[in-house]
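Scrolling down, you'll hit the structures one after another.
Each of the two complexes below includes chain A, the first together with chain B, the second together with chain C.
The block that comes next holds the complex of A and B.
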C-alpha cells in the first residue's frame, strides 16, 4: 500500500518537474496574460500559451503522453506542424479573409512588401555569423517575415528541432508589433513625412479581384515553386472569396477552418516547447535575432518608401513602409495609429494594407526561395 | 565557425543577394502585371464598341475606295474643282452653299450650280451635319477624270 502510494507520488508532476518545466510554465502563463489582459494576438497567444502549459507537464516517458512520443494525442496534433499541413490551411483562411483591393489599386506599393523582406535575409546573415547552420539560419531569418505560418512552414522543412522557439518568437513578436515598430518608424521619418496625405485609391472592379488570385498564383509559384503550398492556398482562398459563387466554401475557410487550425497549430506549437528542448542558448539567440529581424524589416520598408518618394510625383507616406513586414493586419493598424498621432484626420490604414498584403506574398516567396536553396 | 568567415563559408552573401533580388523581381513583375489588369479588362468590356469602330472604319475606307474608284468626273468639272477648292480655302470651313455659289458667280466660274451639284454627288463637298459643308480631302486624291465633258 505504502509502496503503491510512493510509486504514485513519484509519477506525479511534482516529483518529475525540473526547473526548466517551471520556467516554461511561467512563460506559458505570461503568453496567456499577454493575450487575455493586453489583447496582443489573443487568438494565437492563448492557444500557444496553453500549449506551453500542456507540453511542460512532466510525464513519465514511454507512457504515450508526451508530444514527441509516437501515438500520443499531442503527437498527432504535432503531425500537422511537422508535415506542413497547418500553415497552408491557415493561409487558405487568410486568403478568404483578405481583400486585395488596396494592392490592386496601387500596385507600386507592393515594392514596400518586397523591401521589408530584407529583414529575412539580413537576419539569415546574422544567424550564420553567430554560428548557426545555414538551414537553421534560414529558419531564424524567416521570423523577419512576421508571418507565423510561413515561419513554421519553413522551419518544419529545414530545422524541425527549432520549431518551438522559432514559432514562439515569430508569434510573440507579431503580437508585439505595436511595441516594436513605432519607435523605429518615428526614428526614421520626419514629422513632415508622417503628415503626408495619400490620394484615395481607385475603385477596383470585381473582375479584377477575381483574376488577380489566378495570375498572382501562377506567377509567384513559377518564380518560387517552394512556396506552392502556402501561396496556392492563399490565392485559392481569395478566389473562393472573390468568385462569390463559392461563398459557402469561402465562409468555411475564413471561419471554421482557420479557427480550428489555429487552435491545433497554437496548442501543438506551444506543447512542443518542452523545457529541456526549449531552454537552450540557441533559443536565446533565436529570440535576439528574431527581434533584430523585425526591426530591420520595419526599417527597410520605411527607408524604401522614402527612396520611392525621390522618384514619385504623388508622394507616399513613408510610415506605410513599416506595414511591409506582413503581420496582417496588425502592422497596418500600427501605421494608422502612428500616422493619426501626427494628424488625426489622416487615414493610412487602407494604403498600408497594400504593402501589408504584399509582405505576406513576399515572405512566402522568400520562404520558397530559401527552401529551394537549402532544402535539397 | 563564426562571423564573416561563417557567412562566406556558407555562401551567405550570394544566397542573400540572390534571394532578395528574386523577391524584388517577383513582386515587381507581379505589380507590373496587375497594373495592366484593369486596362485589359476595360478593353475586353468595350470590345464590342472597339469592334464596331474598327468595322465602321474598314467599311468607310472600303466605301471611300469604292466611291473613289467609281468616281468619274467630267473634265470641265474637274477643272472647276481646283477653283472651287481655292474658293473654299479662302472662305474657310465649314461653309454655306449659297455663299459658295455667290462667290463662284463673282469669280466667273461657269455653270457653277451644276458644278457644285457634281461635286456634291461626287462627295467632294460633304455636309457637316449642322447645315454647313466641308471639302472632302480624302476623295479629292482619288478623282479620275473622264474625257467627256458635261453638257
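The block that comes next holds the complex of A and C.
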C-alpha cells in the first residue's frame, strides 16, 4: 500500500516538475494576464498562454501525452504548425476581413509598408553577425514583420527548432505594439510633423476592389513565389469578400475558420514551449533581436515617410510610417492615438491603414524572398 | 439578442451612416437587459465594451464625486473601449431597469480592418462625446 502511494506520488506533476516547467508556467500566466486584464491581443495571448501551461505540465515520457510525442493529441495540433497549414488559413481569414481600399486610394503609401521591412533584413544581418546560422537569422529577422503567422510560416521551413521562442516573441511584440512604438515615433518626429493633417482619401470603386486581389496576387507571387501559400490565401480571401457573390464563403473564412485556426495555432505554439526546450540562451537572443527588429521596422517606416515628404507636395504625417509594420490594426490604432495626443481633432486611422495593410503583404513577400534564398 | 437595423437607424450616433454601414454596425451590436443597481462598467477596469442606452436611466460617476446621468436613447457609455489607454474613466451604474446595446472593443478592431472608413466615422463621433464630457473628468465646469 505504501509502495503504491509512493509510486502514485512519484508520477504526479509535483514530483516530475523541473524549475524550467515552473518558469514557463509563470510565463503562461503572465501571457494570460496580459490578454485578460490588459486586453493586449486577447485572442492570441489567451490561447498561447494556456498552451504554455498545457505544454509545461510534466508528463511521463512515452505515455503519448507530450507535444513532441508522435500520436499525442498535442502532436496532432502541432502538425498544422510544423507543416505550414495554419498560417495560410489565417491569411485566408485576414483577406476575407480586410478592406484594401485605404491602400488603393493612395498607392504611394504602400512604400511605407515596404520601408518597414528594413527591420527584417537589418535584424537578419545582425543575427548573422551574432553567430546565428543563416536560416535561424532569417527566422529571427521576420519577427520585425510583426506578423505572427508569417513568422511561424517561415520558421517552420527554415528553423523549426526555434518555432516556440520565435512565435512567442512575435506575438508578444505584436501585443506590445502600444508600448514599443510610441516612444520611437515621438523620438523621430517633431511636433509640427505630428500635427500634419492628411487629405481624405478618394473613394475606391467596387471594380477596383474586385480586380485588386487578382492583380495583387499575380504581381506579388511573381516577385516572390515563396510567398504563394500566404499571399495566395490572403488574396483569395479578399476576392471572396469583394466579389459579393461568395459572401457566405467569405463570412466562413473571416469568422469560424480564422477563429478555429487561431485556437489551434495558439494552443499548439504555446504548448511547444516546454521549459527544457524553450529556456536556452538562444531564446534570450531571439527576444532581444526580435525587439530590435520591431524597433528598427517602426523607425524605418517613420523615417521613410519623412524622406517621402521631401518630394511630396501634399505632405504625409510621418507617424503613419510606423504602421508599416503589420500588426493590423493595432499599429494603425497606435498612430491614431499618438496623433490625437498632439491634436485631438486629427484622425489618422484611415491613412495609417494603407501602410498597415501593405506591411502584411510586404512581410509575406519578405518571407517568400528569404525562403527562396535559404530554403533550398 | 440580435439587433434590428431599424434600431440602429433610430440612434443619433449612427444617423449619417449609409444603410450598408448600419447593417455592419447592427451585426456587431448585442442587445442586453440590465437591472436596477447593476454596474455595467467600473472605473479603472480594462475597457472591453462600449454601451449605448436604449431605455432606462444610468449614472456615470467619475473621480472626486463628479457624476453625470444619462436618460436618453442613444446616450453612450464606455467610450474608453475605443480610446487610449482603454481603461474606463467612470463607473456606469443602472439607476433603473433598462436595455443597452453593447459593442465589444475587439469587434471594433475587426471593424477597423474590414471597413476603416466606417471606423473613422465612429471614432469621430466618439471623440465628440468625449470632448463634451471632458469637463467632468478634468473638473473644468
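Methods note: the second predicted complex is superposed on the first by the 376 of 376 C-alpha atoms of A that agree within 3 Å, B and C clash if a C-alpha of one lies under 4 Å from a C-alpha of the other, contacts with A are read in each partner's own complex, and residues count from 1 in each chain.
The rule is short, and it goes like this: contacts are C-beta pairs under 8 Å (C-beta built on N, C-alpha and C of every residue); 3 or more make two chains touch, one makes a residue touch a chain.
All values reported here derive from a predicted model rather than from experimental measurement.
Student: Using the superposition on chain A, decide if chain B and chain C clash or fit.
Tutor: fit
Student: Counting residues of chain A touched by each partner, does chain B or chain C come out ahead?
Tutor: Partner with more touched residues of chain A: B.
Student: Could you say whether A:184 touches chain B, chain C, both of them, or neither, answering first, second, both or neither?
Tutor: In the superposed model, A:184 contacts neither chain B nor chain C.
Student: For A:220 in the superposed arrangement: first (chain B), second (chain C), both or neither?
Tutor: It touches chain B, and chain C stays clear.
Student: Which partner chains sit in contact with A:101 here, chain B, chain C, both or neither? Use first/second/both/neither.
Tutor: After superposition on chain A, A:101 lies in contact with chain C alone.
Student: State whether A:328 touches chain B only (first), chain C only (second), both chains, or neither.
Tutor: A:328 contacts chain C only, not chain B.
Student: After the superposition on chain A, what is the angle at the C-alpha centre of chain A formed with the C-alpha centres of chain B and chain C, rounded to the nearest 10 degrees?
Tutor: 80
Student: Applying the touch criterion given at the start, work out whether A:277 contacts chain B, chain C, both or neither, answering first, second, both or neither.
Tutor: neither
Student: Mind working out whether A:113 is in touch with chain B, chain C, both or neither, as first, second, both or neither?
Tutor: Once the two structures are laid over each other on A, A:113 reaches chain B alone.
Student: Please work out whether A:337 is in contact with chain B alone, chain C alone, both, or neither, and reply first, second, both or neither.
Tutor: The answer is second: A:337 touches chain C but not chain B.
Student: Taking the superposition as given, does A:361 touch the first partner, chain B, the second, chain C, both, or neither?
Tutor: First partner only.
Student: With both complexes placed on chain A, how many Å separate the closest C-alpha atoms of chain B and chain C?
Tutor: Superposed on chain A, the two chains' closest C-alpha atoms are separated by 19 Å.
Student: Please report the chain A residues shared by its interface with chain B and its interface with chain C.
Tutor: Shared contact residues on chain A (touching chain B in one complex, chain C in the other): none at all.
Student: If you look only at chain C, which of its residues touch chain A in the complex?
Tutor: Against chain A, the touching part of chain C is residues 46-48, 83-84, 86, 105-106, 109-110, 112-117, 119-120, 123-124, 127, 131.
Student: List the residues on chain B that touch chain A in their complex, please.
Tutor: Touch list, chain B to chain A: 1-4, 6-7, 10, 12-13, 15-16, 18-20, 22-35, 37-38, 41.
Student: Taking the complex as given, what residues does chain A use to touch chain B?
Tutor: So the residues of chain A touching chain B come out as 103-104, 107-108, 110-111, 113-115, 117-118, 120-122, 124-125, 128-131, 134, 137, 202, 204-205, 207-208, 211-212, 215-216, 219-220, 223-224, 358, 361-362, 365-366, 369-370, 373-374.
Student: Could you please specify the touching residues of chain A with respect to chain C in the complex?
Tutor: Listed in rising order, the residues of chain A that touch chain C are 37-39, 42-43, 94, 97-99, 101-102, 178, 254, 328-330, 332-333, 336-337, 340, 344-345, 347, 349-350, 353.
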